[in-house]
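Take a look at the structures listed below.
One chain, subunit A, appears in both complexes that follow, with subunit B as partner in the first and subunit C in the second.
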Partner chain A sequence: MIRGLWDREMVALLLLAALMPMALVWIWFGGAGAVGRLGLALIVSGAWHLIFMLARAQPPSFAGAITALAVAMLAPEDMGLVRIVLGISFGAVFGELVFGGWGRNVLNPATVTLAFLGFGFPTFAWPDFVLPVAWAAIPAAGLGVLFGVMPFGILAGAALVGGGTALLAGGPDWVVPAAAMVLVLLVADPVASASTALGRWLNGALYAALVLLFASGWEGASPVQLCVAAALLASLAAPLLDDIAIALWTLQRRRRHGGS
Partner chain B sequence: MAAPGSFWRTLTAPLLRENPVTLQILGICSALAVTTSLATALTMAASLTVVLTLAAGLISLIRRHIPDTIRLILQIVIIASLVIVIDQILQAYFFEISRALSVFVGLITTNCLVLGRTETFARHNPPVPSMVDAFGNGLGYSLVLIFIGCVREVFGKGELMGRQVLPLAEQGGWFTPLSLMLLAPSGFFLLGGLVWALRTLMPEQAEAPDFAPPEHREAAE
Partner chain C sequence: MFGRIPGFGLSPVFRSDPFENPVPTGMITEEAAITAPPGDVLRVDLVAPEDSPVAEGAPVARLRNHPEIVLSAPFAGRVARVRLGPGRRLDEIILFRDPGGEVAEWDVAAAASGDAPALVALMQGCGFWPRIRSRPYGRMPASAERPAAIVVMATDSRPLAPDPRLALDGLEEALGRGLAALGRLTDGPVFLCAADGPPPIAPDAAGGARIAHVSPRHPHGLAGFRVHDLCPAAPGRPVWDLHAEDVAQLGVLLATGRLPRTRLVSVAGPALTASRLVRCQLGADLRALSYGLVRPGPHVLMAGSPLDGRRAQWLGTLDRQATIWPQQQEGKPPHWFLAALASSSVPKPVIPTAALQHAVGGAFPAMAMVRALSVGDDETATRLGALSLVEEDLALADYVTGGQAGLGDLLRAMLDRTRTEMAA
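Right, the complex of A and B next:
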């Protein structure tokens, strides 16, 4: 699929469009501060894409804007210019660009940035969100699935585990808004998540299970912080989940068709 | 005997051109573990260099008498004895640092760098070139450890050798410690960045790519 409509930038643009409901509501409620954070993140991320284009002839990508949006929304507040720039540089370079650009990365660069900032500067407060921003995650996820750029299995797997626990045991509801936003912004990423059908369901379920585990056992963590940690671990496990899915498929074929 | 020029080459080759840590990725477990401060990194580097040089000399002396079938056991016995001596000396004279290093001095025994040099070089060469080669490799290892130790201590605590070099924000300065630098992952990041920088500067160190890209490149325009 090289000559058709669906090249990498098309996916990036549609993903960006799908995230727009959430981004616009967030900017509406955040005001000038939100615009400033987004602008800074866009400049730093764009600058690194430009540097890698000039130095290694890697085509820049609109995916940099997705990274910038996720970091601007989820990063700890009042960190100061130097730390934010350091964090985004680390995430963009070591999370994505050294691997050859968007599409070849192992982890979502925004997840790497947020984990770096969270572990590197643990004293800064993670952001809180007004509820409308979290509600906007639902249309964002819907658009993403409709466009075919967000994996349905991940969203469904996470909803299944999260919703099931809530129904059966009345899980921690204070974590749900942050969990939904992180799910849409970081976990349901077409590159760094699992890519087999079963693997995607497992990936989403694992993310939700980790969020529930952290929410019940991690004293003093803010919702965004524990969701980012869950996203990082879930995306580290994604290749393993794919491998399990493929192994199961091979096993099934062998039982059906015989052979060694 | 070899010419003096070749000694110089044997000694300096492992510093940058064939650095055991950045080119062969040997001995990185300790390089990551003990580099949270410069003092421990220096102690570890000195201990390893001494052990490596002496072990190479000893093994090279008896190289014609080592039976092939038990050569690894023999080498490890020699290295372990030297490590125990070094460990006792550290405990006697540098107790604080020896406690900070904890098991990692003892683990020099299993450091792949030491066994790698004795196995590949000292077993086939006379004592003096072996010791020169071992000393050079020890220096190359030390260079990497000192670099990473400096960076991690300065950015993680704002100190160097325990003395404050960057004014801390909580004492009225401007510097907020990057506590990630004191955690193990930052050792990986720094070492990875160092390897990347070295291989960019010296492209002949870079490994051959695992996969060849396809001929017709039209994707992702």
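Right, the complex of A and C next:
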């Protein structure tokens, strides 16, 4: 009879709105090159959404634009048209659309794209960012949490582990800008991350721990590369973390109420 | 971190003009109907055939398999029309009112003296039984069922719901008597759930019932969440829930031998020029309740709150709200391409947001429950506490997520599957 606000497309639009500070700063400093990359990613991602709508009656989602933005910002540079189209197609189709579209995917399609490009074509250079783009991750995360579309637990868990290590041991600060951007763009995705309160804290903490591990042990990796790898592994572990959280929750309830 | 979080919950606002009468007025509609609870199947034998006169409270029909359970007339009048489905399933029994008719009385000496079987027989025989809801599955309890606990709701967080304190005004003694009577029906505890503020009854007068305080935000004031929190229901471990007004009326029955058949009902909604608080009989005619208040134009009558209401002409056995909604005009169907952009062959998935977690009051991991229900994983849903819930408990989650997942229907299907499995 009457419907609330938080359907899938509204969440996608709010996520897109939350990412706007970062996207706009990135376009401001990237100029025509950035606009071109973003346009290409949007066209390829949108085309696949359209194909799946016509072939599988899956309505397209604005989440495709989020994927395109993340890929355009984080993908290795100067790869050539064929490779980037191949990468985005692989990520969008096998990361998201074959599962039934955004909301039913297991991994973030942008993470899949970037991992595919990184492992498939390792000779291309990963992008570097000017610091203002990384700073813009903070208002983006703030907006996302304020709208309730970005999981607070993931951001807080990552900040806790990252900040704690920096305070205690003085961690590798050259990785922090890329880690913050990947955290907001890829890890804090509501669908492909853990969905329970405890699971989210663990998910964020795991991501930060992996970034720290790779930063200290992975010789010759660029910051974006190791952050994307950490995001992929943290995302793969999300269902396990959720299961741990639910098992603890059931245990606590069983202790309180008895029975099975 | 993964327990009950008191800050959770929402206060959804629906436009409705203020109440024209802060003090409820009595309103017995000229027609009323006895209907089956939504989703429940009652096979009945008629006691009073069409066109026969009945006294208030007199039996009109009995359950086929349990003739001791009686459906009784909400007012003195005449049975106007009986509509039964295949297999003598009750659809509706419409009655016309006859002012000045008689009121049926029961001999309550045995039940009031503390004899539990006599009390059960009285509750089943006088037509009180359908006012009880048994969880799991959310049905009228079986004839010989003995609950593991009883939850009495003296609070209601549904939008536009009448304040139960108003309904209980002046009935404290009867409420205490009713609670004490319920205590004899179970070996477990009886909980009286009340919102913060002065309790509806002094703790030492509550007949052994424990008073549980409840957050005023929706959905904390729904029986399902209180059952989930206080004493989870499971197969073989049923939990009953009742409204405090009904319990107070049970207390009146035990004192006087007459069961009151009116209840406090709010008539509200955006299609009304003013809202109305009435004391009307069970099964009242929604057209009569909203008469004179409806704005011009087409509208929809719903029994229940704006969140969980369903189109109906009669107030249901468990309803305490009527919502009148303007009818949406059906426009031209959109172009097929635009329709394909918006609608899908399968329901669109629910995205985990803070709003969803609030909509289940932080009582359980919301997304895990949504996923378990969507894929039909009944075991996980059971582990998360789905057996304590019924459709109305997920109505808020359905509302905030745009209703495309149909969580209430998924939960009902899951409960029906579990019930069939347990019966086999």
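By our rule, the second predicted complex is superposed on the first by the 257 of 260 C-alpha atoms of A that agree within 3 Å, B and C clash if a C-alpha of one lies under 4 Å from a C-alpha of the other, contacts with A are read in each partner's own complex, and residues count from 1 in each chain.
Assume a contact is a pair of C-beta atoms (placed from the backbone, for glycine too) under 8 Å apart; a residue touches a chain by one contact, two chains touch by 3 or more.
The structure presented is a predicted model; accordingly, all values stated were derived computationally and were not measured.
**Student:** If we overlay the two complexes on their shared chain A, which of subunit B and subunit C does A:Phe94 touch? Say first, second, both or neither.
**Tutor:** In the superposition, A:Phe94 contacts subunit B only.
**Student:** Examine A:Asp7 and indicate which partner it touches, taking first as subunit B and second as subunit C; both and neither are also allowed.
**Tutor:** A:Asp7: touches subunit B and subunit C.
**Student:** One more residue to check, A:Ala245. First (subunit B), second (subunit C), both or neither?
**Tutor:** Once the two structures are laid over each other on A, A:Ala245 reaches subunit C alone.
**Student:** Once the shared chain is lined up, is A:Gly31 touching subunit B (first), subunit C (second), both, or neither of them?
**Tutor:** neither
**Student:** Where does A:Thr196 make contact in the superposed view: on subunit B (first), on subunit C (second), on both, or on neither?
**Tutor:** Second partner only, subunit C.
**Student:** Would you mind checking which one, subunit B or subunit C, touches more residues on subunit A?
**Tutor:** C
**Student:** So in the superposed three-chain picture, is A:Gly220 touching just subunit B, just subunit C, both, or none of them (first/second/both/neither)?
**Tutor:** neither
**Student:** If you stack the two complexes on chain A, which partner ends up touching A:Pro151: first (subunit B), second (subunit C), both, or neither?
**Tutor:** The second partner, subunit C, only.
**Student:** Looking at the overlay, what does A:Gly103 touch: subunit B (first), subunit C (second), both, or neither?
**Tutor:** Touch status of A:Gly103: both partners.
**Student:** Could you tell me if A:Phe116 is touching subunit B, subunit C, both of them or neither one (first, second, both, neither)?
**Tutor:** first
**Student:** Which subunit A residues lie in the overlap of the subunit B contact set and the subunit C contact set?
**Tutor:** 2-3, 7-8, 59, 101, 103
**Student:** What residues of subunit A sit close enough to touch subunit B in their complex?
**Tutor:** 2-3, 7-9, 59, 61, 83, 90, 94, 98, 101, 103, 116, 119-122
**Student:** Which of the residues in subunit B end up touching subunit A in this complex?
**Tutor:** Counting only subunit B, the residues touching subunit A are 176, 178-181, 183, 185, 189, 192, 196, 218-221.
**Student:** For the complex, give me every residue of subunit A touching subunit C.
**Tutor:** 1-8, 10-12, 53-54, 56-60, 100-104, 148-149, 151-152, 190-191, 195-198, 201, 242, 245-246, 248-250, 252-253, 257, 259-260
**Student:** Residues of subunit C touching subunit A in their complex?
**Tutor:** Listed in rising order, the residues of subunit C that touch subunit A are 1-3, 12, 14, 231-232, 234, 237, 300, 302, 306, 309, 325, 340-346, 348-357, 364-368, 371, 383-385, 399-404.
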